[in-house]
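Each of the next two complexes has chain A plus one more chain, namely chain B in the first and chain C in the second.
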Partner chain A sequence: MKITFPHLGNVCFAAKALFNELGIECVVPPPNNKEALEIGTLYSPEEICLPFKIMIGNYIKSIEEGADTIIITGSCGPCRFGEYCELQMNILKKLNKKVDFIVMDVPSDIGIKEMFSRIGKISHSSSKSKKEKIKALYKALKIINMIDDIEADAHYIAGYEKNTGEAKRFLNKCKRDAINSKSADEMINILTEYKRKINSVEIDKQKKPLKIAIIGEIYTIIEPFSNFYIEDKLMDYGVSTKRTLSPSWWVKNTALSPLRINSLDIKKASKEYLPLCIGGHARECIGEAVIAKNEGFDGAIQIFPMGCMPEIVSKAILPTVSKDLNMPIMSLIVDEMTGEAGYLTRIEAFIDLLERRRKSVLFRS
Partner chain B sequence: MKIGILASLLYYKYQSFINNFFYELGCEIISSGETNKRILDDGVKYCVDEACLPIKVFHGHVYSLRKKSDMIFIPRIMRLHKNEFICPKFCGLPEMIKNSIPDLPPMIQDTLYADSKDGLKNWAFSIGEKITNDKIKIENAFSISLKKQIESKKGIKDKNYKINVALAGHPYNIYDDFLNMNVVKKLNRLNVGVMTEEKLNEEYINRQVLKLYKKPFWTFARYTYGFTSYLAENKLVDGIVYISSFACGIDSVVIELIKDRIGSFPFLILKIDEHTGEAGFDTRIEAFADMLERRKAIEDNISASW
Partner chain C sequence: MYYLGVDVGSVSTDIVLLDKSFSVVEELYLKTRGKPIQVIQEGFKILKSKYDDKQITAVGVTGSGRNITSFLIGADAVKNEITAHATAALNIDKEVSTIIEIGGQDSKIIILREGIVLDFAMNTVCAAGTGSFLDRQAERLEIPIEEFGDYALKSTSPVRIAGRCAVFAESDMIHKQQLGYKQEDIIRGLCEALVRNYLNNVAKGKEIIQKVFFQGGVAANRGMKAAFESALGFEVYIPPHYNMMGAIGAAILSSETVKKGEVTKFRGFNIAQSNVLQSSFECDGCPNRCEVVTLEENGNTIGCFGDRCGKHSSKMTV
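Moving on to the complex of A and B:
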């Protein structure tokens, strides 16, 4: 068995480490790029949402490198993500690609037995002992938490650093070194080292950088290629950003949700505007906007793929949130046709707007 | 009390229940009436750009009623069947409306999980109690309207046409004649008869779905997929006409599933949005009807020569 998986931000670090430790061969697809998108667009239904297309691109590149098993997480509605697996299987079958899919649905939908049998498929091809397997899983979780933390720190520090670009440089180097590491332990060491480095970036506490929250559909905000590397760009502009949704957040949220104690702060914050879960992460989107305001952020940017059903609902609500909170919120919609130039202009214009608002406040007081 | 009822979206499926329920409660029902150009234009103006046409039209219906009623009925429909969903946009409908249309009267927006009779009943009571204190009256209204709903005749099954198609799509796309530009009449005029999913026993529909790797978790998907694939596989119709709106997330999946299942069976997908021109729409229907006719002629010839 040679496993592969679609990209979702930093998941590739944890997945690589996990399969290494389990002694299962694994292909990490090339980082998302134009090629993946082009391949995906070619073979996918036209009106399906962007994440689907890029994922198809990932599979095909990995299959070229010998992958024969694809592992993805599932869900059972109400959003399209839960239907991805079936369509993707059909597409690959038609292309004559012989691959197995292992779909990690939540046990409440497929039954605990089916869940174990699916996990069993992976587990059996590992020759490690049970204890080692658990250890591997533990390390993978540790890695995803660490890398997400480092990234979040870098995004925040970028607004305060004395030497512009330092945080970004460390972050990029950290990712490069980590993905090239030979074992989970080595990766953990590298991450520990960079965590220290990023936190010792010289900062100017007097600075009052703009702060922007990144909210919206989970894939397009986590996967930098799909949002034209917006967080990198904001780092270049010296803007501090925060994004709550991340793979490690997702793990925690999914683990806690059967107990209904997941993301309590978000649920509380969104209550007034969207009191229940409608699918995707629409409620999180609204809740995070409210939390951002409470934390003194200057604005929020919502990103979602064209046609994304839950985020269209949030987009209808956000103008009210923005007015009530007196905080600008911009919506960016991405698909395979989005032109980078127009997109960047909008981001710049938004930063200008936030800066002007700051000045006028200073001026008035 | 004047209660505003929107003749849009799932009203097309549950109008018997809705109308009778409020009537029995003693309300005066103000209907937004059939969709028209005005309603469409207002809908497009007030709704978020990215939404699908049916949701935009719904906004137009609400807008047309906002000064005419004391309360507007916009339930949040989460679920119609066990373990299934409808569409995220239905779940967030009251919020979309509230945040898009100014100066609205109070809304009745109770959340409905219709997958059990108790769920339905609780929902009906929480609405009824906003209108009257008389529990017996609510109980009566509920049982009468439920009965009427069950008895109501739904669906189309034309007879006496040589060529017949399965007309597939969400109820509001099939039954809103303004939105679908009178597609049923147009097909009939071309001598094509129509059958809709309500006319197929649900058991057949459910059996079809079992062949999928994963049971679809959308009610719309289960119906449309089961209906079209059953008719196609058993050659009970000559073709399928699917009316879908652009940017419908559910249809983008269902259409692919159907295509995959039925192979080369004649399948016409008509996508609609506010920019759809009627001329091009007609041409496509005509071409499809022609094609079906030609196929039929060939088949008849073959069987005649046997």
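Moving on to the complex of A and C:
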């Protein structure tokens, strides 16, 4: 068995470490790029959302490198993500690619027995003892939490650093070194080292940088290629950003959801505007906007792929939120047809808007 | 002492010189024709004969070609079109609350309250109603674009044209022509369809209140102004240098950066004579595959951008 998986932000670090520890061969697809998108666009239905297309590109590249088993997460929610696995199996079958799919889903949707049988498929091909397997899983979880933490720190510090670009440089270097590491332990050591480095970046506490929350559809905000590296750009502009949704958030949220104690703060914050789960992360999007205001953020940017149902609903609600809270919120829609020039202009203009708004507020008081 | 503003747009490249009090002393309106560098050189050749490099205090650039231009001419302020247009409009009238800006390929709405940009939107999926589309229709009907708007004003009973999409609008216009409707009624109908399209797409959900400024190249079209006024129910103002507002805004913004005690980065009008070459390549250093653009002047690299990691752009000598 040679396992592969689609990219989702920092998941590749944890997945690589996990399969290494389990002694299962795995192929990490090349980072998302134009080529993956071109391949995906060629084989996918035209009107499907952007993440689907990039994922197909990932699979094809991995299959070229010998992968024969694909692991993805499933969903039985109301958003189109629930159809991903079935459609993707179909497409690869038509392309004559001989691959197995292992779709991980929560027990409430597929039953606990089915879930264990799916996990069993992976676990049986590992020759390690039970204890070692649990240890491997523990290390993978530790890695995903660490890398997401480092990333969040770097994004926040970027607004305060004395030497512009230091946080970004460390973050990029950290990711490069981590993915090239040989074992999970080595990766953890590298991450520990960079966490220290990023947190010792010289900062100027007197600075009052603009703070922007990144909200919206989970794939397009986590996977930098799909959003034209918006977080990197905001780091270059010296803006502090915060993004609540991340792979580690998702793991925690999914683990706590059977007990209904997941993301209580977000649920509470979104209650006034969207008290229901309507699929995807629409409720989270609204809740995060409200929380961002309470935490003193200057604005929020919502990103979602063209045709994303849950986020279209939240996009319609956000203007009211923005008006009530007196906080600008901009929505950006991405797909393979998005032109980068217009996209950049919007981001720049939004930053100018926040900056000028703040200046004149200072004048008045 | 002058402030130089350059707006390199999809259709036109505008160059202005402002004096200390931000009044326009010189304006050049040139067609970009997809060659931003040559057009700027052409413009600078004209300016060179009248002005001296030392007279330029600050330089600002805007428009879709702002990056390449900033390297070429050495800009103090590189700003997006939205901020530039808002700045220029506010300089004329502090009371302006809405700006309708329609250029060659973009249409925008900017909402201002008490002199601050509060919100903005740009066309995303459709370019119906922008300058290029009107240009094309004028050409097809064999009417000079300058007179296009006047035709619309002559109409007594406008025809309804489907304006959701530029291609369908054109088919519908042809259809109405075949049916024998009068040309001016069709043109008026087109203006109304485009205004409807603008208000329903770009300006959707935005509160348009007076005072409204209409700027950008399309503001020259009197038919469009009339159609906006009849749809909104109040007067729409067209500022005197409506097609230069981006460049004016850029010049004003540049004055702010230099005010902070910096010396201008202006590289002089002499670049009009330089041999400027631009080239691009796909970097194969990593799977990101960035498209890197380099700009060479007389054999020296003066600009390089497009790479995410900074491998090429950090090698810059300037």
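Going forward, the second predicted complex is superposed on the first by the 365 of 365 C-alpha atoms of A that agree within 3 Å, B and C clash if a C-alpha of one lies under 4 Å from a C-alpha of the other, contacts with A are read in each partner's own complex, and residues count from 1 in each chain.
In this text, contacts are C-beta pairs under 8 Å (C-beta built on N, C-alpha and C of every residue); 3 or more make two chains touch, one makes a residue touch a chain.
Predicted model, so just to flag it, every value in this text is computed and none were measured.
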Tell me which partner A:Thr320 touches in the superposition: chain B (first), chain C (second), both or neither. first
After lining up the shared chain so the two structures overlap, which partner does A:Gly82 touch, if you call chain B first and chain C second: first, second, both or neither? first
Counting only touches as set out at the top, which of chain B and chain C does A:Asn90 meet: first, second, both, neither? first
First, second, both or neither for A:Leu276, with chain B first and chain C second: first
Could you let me know whether more residues of chain A are touched by chain B or by chain C? B
Please work out whether A:Arg357 is in contact with chain B alone, chain C alone, both, or neither, and reply first, second, both or neither. second
Tell me which partner A:Pro209 touches in the superposition: chain B (first), chain C (second), both or neither. neither
Partner chain in contact with A:Pro31 - chain B first, chain C second, else both or neither: second
Looking at A:Thr345, would you say it contacts chain B, chain C, both, or neither? Reply first, second, both or neither. second
Using the touch definition from the top, say if A:Ile333 reaches chain B (first), chain C (second), both or neither. both
Pick out the shared contact residues on chain A: the ones touching chain B in one complex and chain C in the other. 319, 333
Mind listing the chain B positions that touch chain A in their complex? 47-48, 50-51, 78, 83-89, 91-92, 95-96, 98-100, 111, 212-214, 216-218, 221, 246-253, 255-257, 260
In their shared complex, at which residues does chain A touch chain C? 30-31, 33-35, 172, 229, 232, 319, 328, 333, 341-342, 344-346, 348-349, 352-353, 356-357, 360
Under the stated contact criterion, what part of chain C meets chain A in this complex? 64, 79-83, 106, 114-120, 122, 124, 205, 286-289, 308-309
Hey, which residues of chain A end up touching chain B in the complex? 45, 47-49, 74, 76-80, 82-83, 85-87, 89-90, 103, 109, 273-274, 276, 278-280, 282, 306-310, 312-313, 315-317, 319-320, 333
